[in-house]
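Both of the next two complexes hold chain A, though its partner changes from chain B to chain C.
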Partner chain A sequence: MEVRRVLIVDDEAAFTSLVKLNLEKTGRFTVCEVNNPTKALVAAREFKPDITLLDVIMPGQDGGQVLAELRAAEFVDLPVIFLTATLTQRGLHERDDQIDGVPFIAKPVEPKKLINRINEVLANS
Partner chain B sequence: MEVQTTIRRLCCNLASGFQNTNLPWMLNGPNCMAATLLNALPDQFYVKDLQSRFVFVNTTTATYLKKTPPEIVGKTDIDFFPSSLASQFLAEEKLLLISGQPVINREDWWQDANGNTHWELTTKVALSDETGAIIGLLGTNRDITDRRTAQTQLQKLNIDLARSQVELLAAYDHLKQTQAQLIQAEKLESIGRLAAGIAHEVRNPLATLLMGLGFLKGSLPAQQPLTGTVLNDMRDAVHRADAIICELLDFSSPRQLDLTDEAVSVLAERALVLVRHELGHRRIEIMRKFTPDLPVQRVDRIRIEQVFVNLLINAIHAMPAGGQLTVRTGQNQTGAVMAEVCDTGPGIAPELLKKVFEPFFTTKKVGAGSGMGLAMAKTIMTQHGGDLTLTNQSEGGVCARIIFNNKKEADHGS
Partner chain C sequence: MQIRNDLIHREITDAVTNGLRIRYGEVLGALYGEIVSYYPGRFLEIEQLRRDLDVEAVPVLHAILHNKIEPPVLHAIRSLMIGCAITGDQAAVLRWATEGLNRSRQFGDEWKKTVPQWEAVLNDPNQFILYARQIKLFLT
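So, the complex of A and B:
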């Protein structure tokens, strides 16, 4: 089975390292952690991810700005999932789990649910 | 001229009252002092004979009738007043001249040719000669038009004042209500600001905890079931904390309504299905009293289901030892579609009824409820232009009633 490359951009280092542990334990992912959003583009160019998990509220640069930077560079079609602590699934419409067309997951999230969502987005891309 | 003689005698009799005052000059001349005195009166004074003809009028009477005394003497009221009024005066005087029954301080009004209303205070008494035979009448009229006008104005002002007072009280009530709403709105706004901050600061560590617990659970050797149970309990605690923050977030940032035409009874039924697990082993009998063919309501289905779910859960929690849960739909007297969720629990203490819609207010034990259910349900109903009220039933238990805005429905239908 192909190992998918996941870039996670989140200022919570403890969170990103645990995401990395959970994802890599399945043997189906390899994860690159970025805790400083201003370094996301450089890391993406180096790591060449299949998918990016992007925190929304971060100091320095928010998730939206990081995404705009990636899209303006060579990552026009890179699948992205927003991670956010300030929205609830119920807060948006039941059938709508996207922010401005970008899929999102509300934190906290069970590892299994996160993996399912990554697989779902990768399958649709 | 018997009447004139009598008048002169009368005047002199009146004047005789002044004899001790050392003013003999007042008695001299063709006009005795009494006539001078009568002319100085601010009230009208007149004497009439048995045919109601004026025999004597004082200056005030002449001024009032806009004539000179000689132009008046010998004439009757017919020459000065509208004929219907004059006839009335003459008839009344005829009676007086026969019976001797006086008219004392009677308020009369009449309208002149220009349409102005005049008010007078009338006194008329019979005038008799030495033998006691009635020979005419004495009359005095006081112009009370100004007083009556002032009285009418005062009455009008009093009515205006009473009306103003009612309006003032209503305005005061409205102001108090608005103030309460403002305080509530400000509270909610503060909660909104607080919620986003709390969510970010609390849910991020919760996310780390949940990821860590997930990893530990997956790494656990099979022979450590107790550790597995501990990890599950910790995971449940994380979800509980998250649920509270989710409710706070949903409450503080209500999304736009997604309006569709819905049957309220169907939404109530769906909510009953959703709360099945809450019923558990409680011996609760569910009574459905749905009114068929109610007008459909333009509502956000998910939000109204949420209102029903919150009300049903409260009702179920109010009856831990079992009871009867009644869900009713219908229309109130104004035709607005409404629904009720009633329990047979202990009810709510009257002093707490005012607080139940406040965010975080709860009577449930820690962990059993966030205190956001009714606050959110009320907000959702207000968003729909409707309302939610809670009352203790006389037969016991609480009845939560939601009312939909039938105006919106009517607008939609037109």
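So, the complex of A and C:
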């Protein structure tokens, strides 16, 4: 089975560690954590992710700025899932877990839901 | 002296509740920004406010993910921050203040001037929430 590479960019180290733990224990993912959004592009170039999980609001640079930077570089088609605590699960669910066609997951994240979502996005990419 | 203070306090409370709230409700509501729908006769409902915050966050998230933050979006971010303060959600207040600070630095002088305001919220969110909730007393 192919191991997929997941880049997670979020300023909360405790959160990214937990996601890494949950994804890697399945044996189907390898995860690179970035807690400083200004280092996301450098990390992406080294890690060469299959998919990126991006927090929306972070100090210094928000998820939109990080994504714009990735898209302007060589990651034009890199699949992205946004992570947000600014909308409730209910609020997001009412929008089919997406905003303007971009997949979103509300924090706190349920590992099973996250894995399903990642598989779904990778399958469609 | 205590009796006099109590009387003054009651007078002020009466003036605000019976005068400002009933006669100038829209003005008080406007203090919170566009997000808090407040009309005389339909006082502030916290559950409704929470639902409104969910709805109002969507266009802001849309602007962020397309990296297109314009000054009206910053107004919305400020309103969301105030709305979250009224609900007492400190984590949400910090999130919106972080975004407001990030983006206000990128605009012209008028928005750059607001940098210390976002920083003040980030440095002492509890104080900000306390003030927001004080005003809330007059709306509920």
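Here is the rule we go by: the second predicted complex is superposed on the first by the 118 of 125 C-alpha atoms of A that agree within 3 Å, B and C clash if a C-alpha of one lies under 4 Å from a C-alpha of the other, contacts with A are read in each partner's own complex, and residues count from 1 in each chain.
We adopt the following convention: a residue touches a chain if its C-beta (ideal position, glycine included) is under 8 Å from a C-beta of that chain, and two chains touch if they have at least 3 such contacts.
Since we're looking at a predicted model, the values are computed, not measured.
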Combined model on chain A: chain C and chain B, fit or clash: clash
Partner chain(s) touched by A:Leu87 [first = chain B, second = chain C, both, neither]: both
First (chain B), second (chain C), both or neither touched by A:Val19: first
Which of chain B and chain C A:Leu122 touches, first, second, both or neither: neither
Contacts of A:Pro108 with chain B and chain C, given as first, second, both or neither: first
Which of chain B and chain C A:Met58 touches, first, second, both or neither: second
Clash with chain C (superposed arrangement) - responsible stretch of chain B out of 235-243, 253-261 or 289-297: 253-261
Set intersection of chain A contacts, chain C complex versus chain B complex: 57, 85-88, 90-91
Chain A-touching residues of chain B, taken from the complex the two chains share: 196, 199-200, 202-204, 206-212, 214-215, 218-219, 238, 242, 246, 249-250, 253, 255, 258, 302
Contact footprint of chain A on chain C as seen in their complex: 54-55, 57-58, 60-69, 80, 91-92, 95-96, 98-99, 101-103
Interface residues, chain A side, partner chain B - complex: 12, 14-15, 18-19, 21-22, 25, 57, 83, 85-88, 90-94, 106-112
Chain C-touching residues of chain A, taken from the complex the two chains share: 56-65, 67-68, 82, 84-88, 90-91, 95, 99-100, 102, 104
